[in-house]
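Multiple structures are listed underneath, in structure tokens.
First chain A sits with chain B, and in the next complex the same chain sits with chain C.
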Partner chain A sequence: MPLLFEDVSYTREQFHFTADALFEEGVHLVSGKVGSGKSTLAFIASGLVQPGAGAVRHTQIRKSLLSMQFPEYHTTGITLNEEVRSWGLDPDAILSSTRLSGRGEQDITILSRGELKRLHLGCVLSCDADLLILDEPFSALDCREKRAICRKIVERGHGTVIICTHEQTWLPPVDYIWEMRDGTLVSCGRVPAAISRWSLAPRHIKDLVERGLAPGNISPEAVMEATCRTRE
Partner chain B sequence: MQDPRIRIFVIIVLSVAAFISLAGAALAFLYWICIPGRLRCIRRPAAILFLSMIVVVSGISEFTTGNGLSYFIRMTVILLLALYAYTAYVPGEFFRVSVWLFGRRGFDPGLIAEMSMEALNDLEDDSSKIRIALRQKEVPLGISTLVPVIGMFVLNQIRRAHDQADLLTVRGYRKGGTLCPEFHPKIPDYVSGIVAICILFIAIFPVRDIFILLH
Partner chain C sequence: MIELSSVQHGILKIPSLQIPPGSTVIIGPNGSGKTTLLKIIAGIVTPHPGTVLIDGKSPAAVDTGWLNEYPDRNLLFGTVSDEIASPLRFRYDTCPDARTLVDSVARESGISHLLGRRTRDLSGGEKVLVSLATAMVTGPLVLVLDESDSHLDQESTNTLTRMITDSQATYLVWCTQDMEAATCADHVILLQGGMVTRYGTPVEVFTELTGDCLYPLSWRLSKNAPPV
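Let's turn to the complex of A and B:
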């Protein structure tokens, strides 16, 4: 289920975005500084924003889904139950998996942003989408929730997942790493080789690479394994 | 138009001219036609919303007083001018103009105007994002979805207002402040201002009356 960016460019006021890339099936991490174009990439990839030039081709992708950074934008139900149903999902299962059981009839506006994000991601990750684009999925979540989201991403096990984030620690194991450099999408390649080419890698991963202990992936477990690894 | 003082002045003058008479509305429309990038300002969802409101009020007016068409033309021109003013606005302009106009007393009204413009921008942004969410869920915008959507608009605005109040408090704001606005008007700005005054003059005194006076 590849997603192809063919010489895509998009301009908005002073900002210019370009991408020429192929997103194959698997988990992709797109890292970049604030304002570098990660969200623009997410919107264009989902087909919700049309590029100024070039084309985005969704091959064999029946359904794509974009999760925006702020969960409020996705809310269309008054109660938690209504909100989950608006995604075509079973409220009991979702509320239970997001630790919101028994609150189905509560007004959704009383949820904190963290709780709302938890509920929203619970719904998004349970939807049967071939292409899932997560824009800053870890914002407003504590470490425990970030870990849970990483686990759910791994458990999906099918389709293409694109994660646009500047999270530095709680990351799921990924297949490909990309960087947004001043509006241009740059491929670092396939993991694990991509890790040594990842210029925006977190400090602790860069340190490991410099010491010749490059981790096999970027998840905390893989990084821990590399940190504790003994040289032969 | 670079100078916000002249731009705001021109918008006010042309709006008054358009409201006063059909001739003023026609000339103001011609003026709007000459503005570069004018089409950008009508490609907004708000434009359709306001235009449909004008259509409804004009329709009612036509049936009750018979002035519906005239009202429609004049209000549509005013709407076009307002949309242009909104599109051409650069953050900080109202603040600078307010302080230039009223001195120290203009600081607070300027700040309020800026915050209001920011809130309008946020509303526009929110509405586009919520439309995306509805599209993704394949949920049509109806009565059942309208209530939570409007609720979210209000809640988002309250959250932002709260954050903004916190920020102002942290920065030690109580009331008033100082600002030294600078403006760099160019010759086209002055020309625009003069043209706008001429249009207002024609709207107030129809050309026919001027010739009668001269005679």
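Let's turn to the complex of A and C:
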């Protein structure tokens, strides 16, 4: 289910976005500084923004889904039950899996931001999308929820997932790493080779690479393994 | 000293809590009451029952900078320069004085290039940086930041940390889900189920959490980590 950005460009005022890239099936991590164009990439990939030039092409993608970085942008229901039903999902199942059971008739605006994000991602990850674009999925979540989201991403086991994030610690194992550099999408390649080319890698991963202990992937488990690895 | 006594509000139940000057970070699971506690300290919410005093005064009588966890809820005006200038205009600073302070805080925040931008066109992280500059522009006594780092890259987080460390605020109270950042605070408050379950220096609090995902990963990886 590849997604192809064919000489794509997009301009808004002073900001200029370019991408010429192929997203193969698998999990892709996109990192980039604030304002570098990660959300623009997510919007273009999902078809919500049309590029000024070039084209976005895909095959075998029946359903794509964008999770925007602010969960409040997705909210349409007044209560938690209404919100879950708006996704075509069963409230009891979703509220149970997001540890919000018994709160279905509460006003959705009384949720903390982390709880709202939890509910939103519970809905997103229960939809069977071939292309899943997650813009800052970990923001506002506590470490247990971040780990749970990582597990669910791994358990999907199919399709293409694009994760745009600043998260430094709780990351899932990924197949590819990309960077947005001043509006331009740059490939670091396939993991694990990509890790040593990842200029925006978290400090602890950079330290391991510099010490010749590059991890096999970017998850905390892979990082711990690299740290404790014995050398021949 | 920030003093809370007999506070019960929403999920919060805090019989007594004293927060000394310096940087105090509040950590805890989603829904544990972090935002409620921050709003009470900022004077946005008045607890019933309960008493809150900041250097002996009501929070409403203290100059406080506040940053909401929802980035869009911080922004009122159309352009970045008007947004940052707004607290100065509300207190009737002259336009030249306001402009000088806006330019200064924008320069220190590394966002001078955003001053002419429309706030609605900012990225999530840019909105946070603009809101922080707005919260700091008056040089408040108390700076209260609700997950200000959740939409920032590492470089911007470093900038934010430097800004708030260099600020003139006597009290910096903030919450985060970034435990690496939390280790830099003077004091850590762990909230669970609305109650303060741990309070102390980062070493004192995190040493009790070695079996928990809250324990900073860098401490697990480092030979120089504090003793556990």
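Going forward, the second predicted complex is superposed on the first by the 232 of 232 C-alpha atoms of A that agree within 3 Å, B and C clash if a C-alpha of one lies under 4 Å from a C-alpha of the other, contacts with A are read in each partner's own complex, and residues count from 1 in each chain.
Throughout what follows, a residue touches a chain if its C-beta (ideal position, glycine included) is under 8 Å from a C-beta of that chain, and two chains touch if they have at least 3 such contacts.
Treat the numbers as computed from the prediction; the structure is a model and nothing was measured.
*Asks:* Once both complexes are superposed via chain A, do chain B and chain C end up clashing or fitting?
*Replies:* Chain B/chain C on chain A - steric clash.
*Asks:* What is the contact status of A:22 with respect to chain B (first) and chain C (second): first, second, both, or neither?
*Replies:* Neither partner.
*Asks:* Report for A:55: first if it touches chain B alone, second if chain C alone, otherwise both or neither.
*Replies:* The answer is neither, since A:55 touches no partner chain.
*Asks:* Quick one: classify A:72 as touching chain B (first), chain C (second), both or neither.
*Replies:* So A:72 meets both chain B and chain C here.
*Asks:* By the touch definition at the top of the document, which applies to A:142: first (chain B), second (chain C), both, or neither?
*Replies:* second
*Asks:* So in the superposed three-chain picture, is A:108 touching just chain B, just chain C, both, or none of them (first/second/both/neither)?
*Replies:* first
*Asks:* Is A:93 in contact with chain B, with chain C, with both, or with neither (first, second, both, neither)?
*Replies:* Neither partner.
*Asks:* Please tell me which partner, chain B or chain C, touches more residues of chain A.
*Replies:* Of chain B and chain C, the partner in contact with more residues of chain A is C.
*Asks:* Go through the superposed model and pick first if A:32 touches only chain B, second if only chain C, both, or neither.
*Replies:* After superposing on A, A:32 lies in contact with chain C but is clear of chain B.
*Asks:* With chain A superposed, which of the segments 7-15, 25-33 or 169-177 in chain B collides sterically with chain C?
*Replies:* Among 7-15, 25-33 or 169-177, only one stretch of chain B overlaps chain C, namely 169-177.
*Asks:* Can you pull the chain A residues that chain B and chain C both touch?
*Replies:* 70, 72
*Asks:* Quick check: in the complex, which residue numbers of chain B touch chain A?
*Replies:* Residues of chain B touching chain A: 126, 129-130, 132-137, 139, 145, 147-149, 151-152, 155-156.
*Asks:* Of all residues in chain C, which touch chain A in the complex?
*Replies:* 28-31, 34-35, 69-72, 117, 121-126, 129, 147, 150-156, 177-180, 213-214, 217-218, 220-221
*Asks:* Which residues of chain A touch chain B in the complex?
*Replies:* Of all residues in chain A, those touching chain B are 48, 65-66, 68, 70, 72-78, 82, 86-88, 108-109.
*Asks:* Could you list, by residue number, the parts of chain A that touch chain C in their complex?
*Replies:* 12-13, 31-35, 38-39, 69-70, 72, 111-115, 117-118, 136, 139-147, 166, 168-170, 200, 202-204, 207, 220, 223-224, 227
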